[in-house]
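The first chain written gets the first letter, and so on, giving A, B and C; residue counts start at 1 in each chain.
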Amino acid sequence: MEQMQLRKVIEAALLAWGESLSVSQLREMFDENERPEEAEVRAALAALAEDCAGRAVELVEVASGWRLQVRAEFALPVSRLWQERPGRYSRALLETLALIAYRQPITRGEIEDVRGVAVNPHIVRTLTERGWIRVVGHREVPGRPELLSTTREFLDYFGLRGLDDLPTLAALRDMDNLGVQLDFGTVMPVPEPAAVAAVAAGDGESAG
Amino acid sequence: MEQMQLRKVIEAALLAWGESLSVSQLREMFDENERPEEAEVRAALAALAEDCAGRAVELVEVASGWRLQVRAEFALPVSRLWQERPGRYSRALLETLALIAYRQPITRGEIEDVRGVAVNPHIVRTLTERGWIRVVGHREVPGRPELLSTTREFLDYFGLRGLDDLPTLAALRDMDNLGVQLDFGTVMPVPEPAAVAAVAAGDGESAG
Amino acid sequence: MIGNNDLPEPVAAAAEGAPLPTQAEMPFAIVEGEPVTEMPRDLYIPPQALEVFLEAFEGPLDLLLYMIRRQNVDILDIPIADITRQYMEYIRLMQELDLELAGEYLLMAAMLAEIKSRMLLPRSQEASLLEEEDPRAELVRRLQEYERFKLAAENLDRLPRLERDVHQARAELVGRRVVRLLPEVTLQEMLLAFKDVVQRAAMFVHLHVAREALSVRQRMSEVLLALADAGLVPFVRLFRAEEGRMGVTVTFVALLELLREGLIEVVQAEPYAPLHLRRAQKPADAAAVEEMTVTTVS
């Protein structure tokens, strides 16, 4: 078998198998009478490795043999194929976020006073990790509770220039249908189709 | 992103994923601000397909998207890597599958009418477990028999983009057109394969 | 009797219902050690082969098609008497051999007999030209219909398919990372949640509905942050001239509010010295105070 053909069969085998193959496994693909010598296989592997220069895959030798692997430089975009679909934030999280936005700086205790239930530590962690809230100080009372405020990232995400762009509490209260009566103007980020559906669902929830 | 780079990312993604990916799945690997347009992805796919000329793999479009696959010409040596041969399917299974593919949605009773024998429940179970067929509804007649259709996995497995890609069904011939006489002794030659093929090609019956 | 498990591969394949081989070199069955390379030309089939033979058929339509094809006759002009006789012979053999005979085979036998008898009836030429259908029409239709799907199945089997003909190309991804997508929220969603919580809270506590000076709240947060690391900050440095009178007012109100809430302290070294601000200092012995408070409460 000429080397070019051998190289292709080896590439075919490595990609079909998807894992590493030893030289002897590669040789066993062939009938005895046309089985390439070990040296031939190694030469073909070396040539294949060179072929891969500039391609998305590289040929590497590992403990159990040789394998074609996707180069690490593509790890970031390609890893996104496995990314999980984002879930939805809970009502509790949104309420907590809104209270921090409107009443900042505010302690967990104060949030609890309004919501009537304890603040889930997981919510505060999620909001902090997202970069939307941060601790800006402590109230100098026993326990020194943390004071929470929203961040610039929070404003940026919601397309607000400042907290003043949020409707006033009074304005909010008078509204039967937020979507219709509020003129969000340039302030609102353009909602994705999925987000619109989510709002519609949220609307129904609040009406109930 | 320049096209050469996009092409490599797509190749990396298809190899890492190991199954077909749709254009929109490929686009979602990228951040919104650097997400390529659909046309760009398609152009990159076309270029990648050309790159594969002369290589061990080929880029093909199937029902659920694009996939890189080892060319059939390497199937023989490559299949020796596996201890077990891929299962072959019985005529009964293939005929049942063909009826579901060409006549979907179809009930078991309708399959039986054509094949002249009862549908083996084992076959329906095998086809369902392979993910090739599924129940899509019920015919509103007494007994409400299940209506069976093929799936996208079926198309993918057989390398088809859609039902239109199925080989054309042979034409039915009409007795009257041949001026058949009630003559027991008449012996007519079996049509040449070429003639059958011509008839088949002329048959406009769609696979749907 | 030959069990399927003992059969050499080609025979087993036939028994499994693989397409009947037409090439002469492929043995169709092994009978008494001798390969049978062709379907029997006449009706005599060695009994050992008959079972294999019959199992290779997918029912009566398949058997009939085989007989028609073997005789090289056009499907549209079946010599019905001949075919019926042969078919009955097979049925008789199957029964003699105690083969499990599917009911469909008997049904077909009845159908053939009926067609045969109808064809023997005298018919006027006009009648056959006009309405009266050829008694074989229904059978021919069914045979053709079955045959096209038999062909379709063979074509399907020939399509290059995964595992057998093509393999999906796969390669390990080096350095794969876990990427988590974060949920999307719209401002509207958040406002609705807020409206809700305020309405609920209004049932329990009195919330002042006065215009919320949100710019003041924002400034309060900003001042607290500015004081976080700096220690003492000159009072004047918290004001920015470019914000104008409104900005100065907002900052001043924010400072008053922070003072009222006890979050910051004003420090003046001596009368008329510049004012400095700092975050409220925790009491000298916070732990002690805390403990005290706890004791008091309990």
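FYI, a residue touches a chain if its C-beta (ideal position, glycine included) is under 8 Å from a C-beta of that chain, and two chains touch if they have at least 3 such contacts.
Fair warning: this is a prediction, and the values are worked out from it, not measured in the lab.
Identification of common neighbours of chain A and chain B yields C.
The chain pair B-C and the chain pair A-C differ in C-beta contact count, and the higher one is A-C.
Centroid distances built from C-alpha atoms place B farthest away from chain A. Computed from the mean C-alpha positions, the centre of chain A lies at a distance of 34 Å from the centre of chain B. With each centre defined as the average position of its C-alpha atoms, the distance from chain B to chain C rounds to 16 Å. Note: centroid distance chain A to chain C, computed from Cα atoms, is 23 Å. Multi-chain contact residues of chain A, defined as those touching 2 or more other chains: 12, 15-18, 57, 68, 70-71, 74, 78, 80. Among all residues of chain C, those that touch two or more other chains are 167-173, 176. Residues of chain C touching chain B in their complex: 13, 16-19, 58-62, 69, 71-77, 79-82, 102, 104, 108, 119, 123, 128, 134, 136-137, 140-142, 144-157, 159-173, 176. On the side of chain A, the complex with chain B involves touching residues 8-9, 11-13, 15-18, 21, 25, 28-30, 55-57, 68, 70-71, 74, 77-78, 80-81.
Looking at the complex, you find that chain A touches chain C at residues 12, 14-19, 57, 67-72, 74-76, 78-80, 82-89, 91, 94-95, 97-99, 101-105, 113-116, 130, 136-144, 147, 149-150, 157-160, 162-164, 166-170, 172-173, 175, 178-179, 182, 184, 187-189, 191-192, 194-195, 198-199, 202-203, 206. Those residues of chain C whose C-beta lies close enough to touch chain A in the complex are 167-201, 204-205, 207, 209-212, 214-215, 217-218, 220-221, 224-225, 227-228, 261-263, 279-283, 286, 289-290, 293-294.
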